[in-house]
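Can you read through this structure? Questions will come right after.
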Amino acid sequence: MRTIAPLLTVWAALLALLGLTVGASLVLTGTPSLIASLAIAGLKAALVVWVFMQLRREGGLMRVMALGAVFWLLILLGYLVLDYATR
Amino acid sequence: MNRLLTFWAGQASHHAGQVDTLFLGLAVLAVLLSAPVFILITWFAVKYRRGKPADRTHAVNRNVWLEVSWAAIPFLATVAFYLWSTGLFIDLYQPPAEALAINAVGKQWMWKFQHPGGQAEINELHVPAGQAVVVTLASQDVIHSLFVPALRLKQDVVPGRYTRLWFRADAAGSYALVCAQFCGTDHAVMGGQLVVQTPADYARWLAAAGTDGSLAAQGAVLFRQMGCSGCHGAASTVHAPPLEGLYGRPVPLANGQVVTADDQYLRDSILLPQAQVAAGYPAIMPTYQNVLGEEDVLKLVAYIKSLANAQPGGGHE
Amino acid sequence: MSEATAEVSYLEHGHSLKSWLLTTDHKRIAILYFLSITLFFFVGGAAAALIRIDLLTPEADLMSNEGYNRAFTLHGVIMVWFFLIPSIPNTFGNFLVPLMIGARDLAFPRLNLLSWYIYMVGGLFTIAVLVLGGVDTGWTFYTPLSSMFANGNVILAATAIFVVGFSSILTGLNFIVTVHRLRCPGMTWGRLPLFVWSIYATSLILVLATPVLSITLVLIAAERLFGIGVFNPALGGDPLLYQHLFWFYSHPAVYIMILPALGVISELVATAARKPVFGYRFVAGSSIAIAILGFLVWGHHMFVAGQSMYASAVFSFLSLAVAVPSGIKVYNWTATLYKGHIALDPPFLFAMSFIGLFVVGGMTGLILAMLAVDVHVHDTYFVVAHFHYIMVGGTVSAYFGALHYWWPKMMGRMLPLVWGRLSAIFIFLGFNLTFFPQFILGYLGMPRRYHVYPAEFQTLHVLSSAGASVLGLAYLLPFTYLLYSLRHGGKAPPNPWGATGLEWTVPSPPPQHNFHELPTVDGPPYQYPVEVDGEREAAHG
Amino acid sequence: MADTAQARQRETTLMGMYLFLGSEIMLFGGLFAVALALRLMHPQEIVAASKHLHYGIGAANTVVLLTSSLAVALAVAAAEAGKIKGTVVGLQAGAGLGIGFLALKAVEYVSEYHERLLPALAPPEAFANPAAHLFMDLYLIATSLHAVHVTIGVGLLAGLALRVHHRSLALPRQATGVEVVGLYWHLVDVIWIFLYPVLYLVR
């Protein structure tokens, strides 16, 4: 039960966050909507990665391996914003 | 050989001279930074050749300050050049307001140019010496790149949008003009020449070149022929935005954005009319994508630009 | 395992074709790569020969416009994805990384074999492109030329590159995990050979950049097949988005090609000088710095493409920053030679010519990073000369240096040193004669990918083609005497060059499982002098 | 001794898997970059186009995928505890929910086909504006690539369930095998977590 309870809790939290993001999309528009939806998605992804994927029990190196690509992806996205926003 | 140095690499503008100076400076820097490596490697290879007696005592395996200095000093030197070069580059984005506006259309595999007076030429561009010229570049098909080595300038021509290139040629003469971006089968023969003339010669050339009226006038003809006037004309019963006084003004769009009616906006409105619909008007305009080429669109844009100071609904003709 | 079987070398361990094609031994897989990569090197080289012959005259005499376009596209595609990118990592990296870190194999031996098969499938697609008439977009596949206008086998070529990309990803992944997990006792990060550092840095790029190219190629194929086009300007899409995604991969890919070469040179210089590499930490760290900074500069391929002026200014500045770690390496190698015991053996001559050519390539790269100059020389022969100095003068020289240096280890045979020295010198001379004139051509305004050109440029083109013929013959030379050495070369001792490093502690060629007993490391790398036991004299014999 | 060797092997395998997942992130990252560029170029049109998508089906599918992730996480926990039956049930539930996801996705595609929203199957004129067309291009590519990943995942889960059931994968000794496939499945889930708002909820 000790391993199962957190999984169920996280699952419930994920469903709640899904409801929240759908709700937010009905209320918010424009940049606030984008920020809200990405923030909630980020939170959901963090829950999945941290608990379902058990990254919380791995060492620092493994965490870097798992999340390193996100950093590289941000480089790509960041430069695209720079170009498109100032072109 | 002489032709190589004038037609290709001659300095046809002040900017060309500045680029050459910068390049020479960089070449000197490159030599200064690399000469120690070449000389020392050769010297060490001779002096410390295996089996040869030499003083090899006190050899060191690391020296952090030495390493930091040979990382930092060359970098700082290049930063100085960076500032110099970036300054020159930013100038290329600031054409003078009074520049002579010329249109260029790249298509597989030729260059077409339009002068404001309506004169058109293929693979040759005549410009007056001493005057700033801004070339608006459009592509009919793939990416091309207008490259004039004697001006030390090139600019890619991207389908779907207008790019610009401006220069002020000083020295009269003929210079190579080529396509630098690979554009398909006959890429290598897509070129011609830039003819820089004295203003008087240029005026004579303009007069001699046949024309059916100015570019704007040709645009006005197209405007009627293609049926644009049916909706956008003063007498039209269709609810379409008037084009008088439009150019350069802000346009509120149906989606709430506000854009400036620049060349790019006018082009997109003709070819992709559904992309940016003006507020208060039904989105009924058909696309002219397969009907009008980029040259015709440029003529229409010139015509609409000529209406920039006309009164909406007023007789502009 | 008994003493007797432990002594059987990996080459002797099974002679059937099956024992090679189903092997999971990293050394045998390295040989498989070596053979297939050599094949593609000569196919790509043949295309280069056609190009240089055609450029002897200003007119189109050997090939049609279309034929020429297909020749240089094929040359680029094959050399980039089927030779340069896999060259050093997949042959020498495969062979040496486990030996250097004291491991019996890579972390995932079967995955390693799978990578080779994926590479071969990609290679077959490329051969199919060749047989079916080629592709005419340039290796850069710029849209909308590739997606809407080109009539060659674009989809097939994209498939080939897509497939070979997975080989790259899996190889990179394998190396990273191997370096992390399989280092022998005492082999700390601060004791890793610099070659391993550079392979590790390369692998990071392989894993992180290659997938972006894969998805971009999928988008191109979808555009051609179904008209699904985010790059199509007729639909309001943006051709520059393609260039961003392509160069996000392809600029780091340049570092995939050069980083392993930098690692090789560190090994060669240390051995030649019998001295530790000067500033080990800086040299190791600079590999990682290059791998990371390499992701920040791709926009310098797009200064005149129509991207924002501000983006150009930022990319230009960061391009200068990436030159710093490269500069550190060059200066540190030079300092390594100071007060060394330098032997002018073939590997060192290749290393010297590498350093010279890499410096020229690097310095011209610095010049190209300058915005105002790039506006003039972008897409001219200046760029062509620049990247050939890095890719051919740099990587290929290092590849041949590595081949000469580790050949005795891999094959157990010594090579004729005189011939090795000669070919190093001829490659250096032929290379410079081929490519130096192209800098001049470029600054004078000769655009790249031109098949017919103005008569004024002929002298320089003829010089370049003359150099290319020297270079071509000089590249053939090693393959003849290396083949000869397989039969007639003297038996190689374990450590013919008197080098440090675990790979030299095992017999040449190494036994199937590398180490009879896993070694333990108890000191820093490059601890010279090494006892040589007169072995080098045997090498000369 | 055997335990530490096993732990070492597990760490090695996990590291390889995480790196592979990193490359998967970059693969989809290219598509997210396209989404970003489209949004920056045509902010309003993308909102309009996004409203045509069935965000309800998308939300239902998110529930399905999140639940399947839970099932797989439970299977991994069971595998580590050596519970064969629990592992098999968890994996089968995960695979079944994955098939459910694909079925819902198919229903969605069909209705979009009828609404003339799917590029390649509908003429360009069917779209309100060019940007809407581009957005649907991205939608089709991204969701179909994701569906390919789901299909592969379903195959892996089902195959694994079979192997555990037939004891050809010994538990808990070889639980890493279950864990690694689980990681892949969770990543497919994470990608959907981002695809859903980026495609369906643009407002």
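Labels A, B, C and D are assigned to the chains in the order they are written; within every chain, residues are numbered from 1.
As a convention for this text, contacts are C-beta pairs under 8 Å (C-beta built on N, C-alpha and C of every residue); 3 or more make two chains touch, one makes a residue touch a chain.
In UniProt terms the chains read A = Cytochrome c oxidase subunit 4; B = cytochrome-c oxidase; C = Cytochrome c oxidase subunit 1; D = Cytochrome c oxidase subunit 3.
Model, not experiment: these values are computed from the prediction.
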Top-ranked pair of chains - ranking by C-beta pairs in contact: B-C
Intercentroid distance (Cα basis), subunit D paired with subunit B (cytochrome-c oxidase), Å: 45
For subunit C paired with subunit D, centre-to-centre distance based on mean C-alpha positions, whole Å: 36
Chain centre separation in whole Å, for subunit D relative to subunit A (CA means): 15
For subunit D, residues contacting two or more additional chains: 11, 15, 19, 22-23, 25-26, 29-30, 33, 37, 41-42, 129-131
Where subunit C touches two or more other chains, by residue: 180, 208, 212, 236-238, 240-241, 244, 306, 309
Junction residues of subunit A - those touching two or more other chains: 61, 68-69, 72, 76, 80, 84-85
Which chain pairs touch, all of them: A-C, A-D, B-C, B-D, C-D
Residue ranges of subunit B (cytochrome-c oxidase) in contact with subunit D within the complex: 253, 255-257, 272, 274-275
For the subunit C and subunit B (cytochrome-c oxidase) complex, residues of the former touching the latter: 65-66, 68-69, 136-138, 140, 142, 144-145, 148-150, 233-234, 236-240, 273-276, 278-282, 303-306, 309, 312-313, 316-317, 320-321, 323-325, 327-328, 330-335, 337-344, 352, 355-356, 359-360, 363-364, 366-367, 370-373, 375-376, 378-380, 443-454, 456-457
Subunit D partner contacts - residues on subunit A that touch it in the complex: 3-4, 7-8, 10-11, 14-15, 18, 21-22, 25-26, 28-30, 33-34, 37-38, 40-41, 44-45, 48-49, 51-54, 58, 61-62, 65-66, 68-70, 72-73, 76-77, 80-81, 84-85
Footprint of subunit C on subunit A - complex, ascending: 61, 68-69, 72, 75-76, 79-80, 82-87
Sites on subunit D touched by subunit B (cytochrome-c oxidase) in the complex: 42-45, 48, 128-131
